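A, B and C label the chains in the order they appear, each numbered from 1.
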Amino acid sequence: MTIRFNRRTMMGGAAAFGAALALPHVARAQAKTLVAATFPGTWNEADRNVISPAFKSATGAAVTQSIVLGTDQVARLTAAKGNKPPFDVAFFDTPQVLDAAKEGLIVEYPAAKSPNFGELIPKFQDKWGPKITMQVIGIGYNPKKISTPPKSWEELWEPKYKGRVGLTALNSQLGIAFLAELNRIKGGSETDFEPAFKALRELLPNVGAIAANLGAYATLWQQEQIDIAPYNFNFVQTLKAKDVPVEFTIPQTGAAGWETSLHLVANAQEPDLAVKYIDLHLDPKIQTQVMKPPYDVIPTSSKVTLEGAITNSLAKTHDDLAKVRGFDWEKLNPQRGALIERFNREIKV
Amino acid sequence: MKVKGDESPLALPLAAVFAAFFVAPLCVLVLLSLHGEAAMRTWTAASYVKFFTDSFNYSILWETLLLGVKATLVCLVFGYPIAWVCARSGARLQSIIVFLVIMPILTSVVVRTFAWIVILGRQGIINQVWLGLGATEPLRLLYTETGVIMVLAQVQMPLMVLPILTVMSKIDPNLADASRVLGAGEWRTLWRVTIPLSLPGVIAGCILTYTACITAFVTQTLIGGARLIYMPLHIYQQAVGANNWPFAAAISVIFMVAVLVIVGILGAIGRRSETFARA
Amino acid sequence: MPAPRAFSGEVGTGSPQKMRPTEKASNIDWEALSLRIVFGALTIVAMVFLVAPTVIVLLTSLTASESLRFPPPALSLRWYYALIDADQMQRAAWNSLVIAFWTTLISVVLGTGASLAIARSRARWLRAADLLFMSPLLLPALAFGFAALVYINRLGFSPNIPFLVLGHVIVCVPFILRTTVAALTQLDPALLDASQSLGASSWMTFRRVTLPLIAPGLGSGAFLAFMASFDNVPVSLFLADERTEVLPIHLWQQIDTNLDVRTAAASGLIIVFTLVLMVVTERMAGLTRQMR
């Protein structure tokens, strides 16, 4: 039985709907929103669950997360240069800071407006923006299938892992760092990546899947589609909290890592809110909270002592963390595009 | 006496919008593709040369076009029977079938593809059944071309079924009856009567399905993973990842031209097949 | 005029089994049955194939656990409750609704005029215009989205909601054109003649005669356009940014970045929303009839 399409009822309905659409727009104009970038994986969850609510109660403003990888953030900021930037707070790994500062995409951090800045461990107080954590890469493995933790990267090439090894695309920091570390182990240098690509070719028969992004990577672990792969400490902890069978171990060649920092973007729409938001990440209370499971984020404030999973797998004190090997990003950055293209070619089926 | 005004000016507003926001951007795209590198200073066909001289690039184009063919065939094999059954059902059953058929199109493609990740994975339902039946190794479906074809077929099947159904509903049932009375069996009737008469619908369905399958960015990327690169992902990687706009524009133009050529060929076949019905 | 092919040479050349009319009623027509079984089986498999993923998403979203396993170990509504706190997802959903509303409105207004022109006028440029208007359905939407972004950039703008709506109008208006032109061609011209000979102006005829009669077709097209805009990914990928986030892109980002069962719950809500709208459109405009 069809209802008669009465013109009047339709017009009335449409008018009411239109009015409803106009009103909230007016109402929402009162509540401010800050658009801040964040990384996929551990950090977007930490930001959403811990820092955003704290920010809301401190300032009354909401946060819209832009979950984008560091290099993509730089690309978007560059594309929007001169106009309104797509987000006010940038979330970078060490390599991106250099490029962004050079291009004028970020401004010097107004430390005077940020009470918690001074309490950071001195080496984490950077003029372009405070370092909020460190990331360390190592080997992730499925404890249900692999009972003894792997001791070195070489194990990924062992025939017993045929079809069980996972990799992630080079657009993420994890991907590039793994390639750089592989290159170093195989005797290459920042100007010669052939040893790394040769090793990659030899690895391909063992590779079960290569994830295009970090979400797909997490799915591979959960579905137990891969058993052993490069991974970083925080992502492993976050997955463990979701009952995914994965553990983290540092190979004998030692831990490699980098720092992650927050920055104020040039031409930000809400600069004061942005600084408050960044400052909240430096607050010892917040840092202690995200140091706990499921985030297990490495803190950078001098007022926070290391504990928990960090002390079990990584380092007992901040001095230990200082020993984590870094990369020469100045030399690696310019090659990123070429490396990505080369990688995509090598892995294409 | 008929007073018929000329209604053609009524299309002008839409034509203006299309000119300003469809034709113009495409022209800008073509112009952009005629630049060399990202610096964009000179006019050159270098981007096109780069595309066609590198086997990496044209193999992506070829595989994308081939993917469309495979997925369209699967849609045809399963979609034709649906249309056939539906055309011969009562009104109520017809409504139900059509409702179920269009439901997937209307559900967000992200949602549907996401469901398939759950189904095709190592611990997904297909593997649960497969291993339950006694197999020792789980099937690798996710991140393989087979998986992509399966999902594409499900996601785009409605585009195959509906045009065929439209044409089938209009086929004069007397023709099939006459065929049977004259002694042809069901299969023969199908082959000699029904299929030729429904051919225009089949072609229309193939055109819509094919174009949808080859441009299905979300499905190809979520199910295909990083190792299966097709044209849409290639465009996206160059545009957003590598920030190489001229090259991305060139790939886009090549892709559009390829689609237009194929649609043109299929459309011509479609028009010829309509003569079967008219006869 | 050549005879239909079925008649060529079939009569009298078949084996005895083919002479149906004299067979006894109790004999089963195996041949016909075999066709029906094959096609019936293929249809059932295909229908399950079509419907299963939707059902699986709904069931998976009701899981009590943290992971996306099917069948879910235990059922619970916890992930739907979690959506209450998903501020950003709600904002994205609201943006999508607003954009879909404006897209549909503009597409209906422009598309109705264009449909009238295409269905009635003989002007030659309209044949070409018709092809142009329908081409967004065939051309890769991703390429168009990218082209639109480049275009806006060249004009000196950055992506914003009006441009996003325009982009959606381009890819959604074909749906309205298709159903409305079909409805118009089925309109009995005698009714229009009658109206005009009774003294009604063109506008009056349109309002009182044409519009009510094509309303089901137009309504179905509007519904399809609304859903196409709400679900659109390829155009939104380029023309929407963080400040104007839309739901499909947000869900896509969530799937891209982490294992979040809330994505399944959001998907469940979208499915229910779509189903409800479909049933309403079916009741009011006979959606399934328009699609045939």
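Basically, a contact is a pair of C-beta atoms (placed from the backbone, for glycine too) under 8 Å apart; a residue touches a chain by one contact, two chains touch by 3 or more.
Model, not experiment: these values are computed from the prediction.
**Q** Decide which interface, A-C or A-B, involves more C-beta pairs in contact, and give its chain pair.
**A** Between A-C and A-B, contacts are more numerous in A-C.
**Q** Which chain's mean C-alpha position is the greatest distance from subunit C's?
**A** Comparing chain centres, A lies farthest from subunit C.
**Q** Centroid of subunit B to centroid of subunit C, CA atoms only: how many Å?
**A** Roughly 14 Å separates the two chain centres.
**Q** Take the average of all CA coordinates in subunit A, do the same for subunit C, and state the distance between these two points in whole angstrom.
**A** Comparing mean C-alpha positions, subunit C is 37 Å from subunit A.
**Q** Where in subunit B do residues touch at least two different other chains?
**A** Subunit B, residues with two or more chain partners: 117, 123-124, 222.
**Q** Can you list the subunit C residues in contact with two or more other chains?
**A** Residue numbers touching two or more other chains: 68, 255.
**Q** Please set out, as single numbers or ranges, the residues of subunit A touching at least two other chains.
**A** 79, 216, 219
**Q** Mind listing the subunit C positions that touch subunit B in their complex?
**A** Result: residues 1-7, 10-12, 14, 18-21, 31-32, 34-36, 38-40, 42-43, 45-47, 49-54, 56-57, 60, 68-71, 110-111, 113-114, 116-118, 120-121, 123, 125-126, 129, 132-133, 135-144, 146-148, 150-151, 154, 166-167, 169-170, 173, 193, 196-197, 202, 224, 227, 230-231, 233-234, 237-238, 247-248, 251-252, 255, 263-264, 267, 270-271, 274-275, 277-278, 282, 287-289, 291-292 of subunit C touch subunit B.
**Q** Applying the document's contact rule, which stretches of subunit A touch subunit B when the two form their complex?
**A** It is residues 72, 75, 78-79, 168-169, 171, 209-212, 216, 219, 223-225, 337, 340-341, 344-345, 347-349 of subunit A that touch subunit B.
**Q** Which positions of subunit A touch subunit C when the two form their complex?
**A** Contacts found on subunit A: 1-3, 5, 7, 14, 17-18, 21, 24, 35, 40-41, 44-45, 48, 52, 62, 64-67, 76, 79-80, 83-84, 86-87, 213-216, 218-219, 222, 238-239, 241-244.
**Q** Considering the complex alone, what residue numbers of subunit B touch subunit C?
**A** 1-3, 5-11, 13-15, 17-18, 21-26, 28-29, 32, 77-79, 81-82, 84-85, 94-95, 97-104, 106-112, 114-119, 123-125, 153-154, 157-158, 162, 165-166, 169, 175, 178-190, 192-193, 196, 207-208, 211, 214-215, 217-218, 222, 231-232, 235-236, 239, 245, 248-249, 252-253, 255-256, 259-260, 263, 276, 279
**Q** So in the complex, the part of subunit B that touches subunit A is made up of which residues?
**A** Touch list, subunit B to subunit A: 56, 117, 121-124, 142-143, 221-222, 225-229, 237, 240-243.
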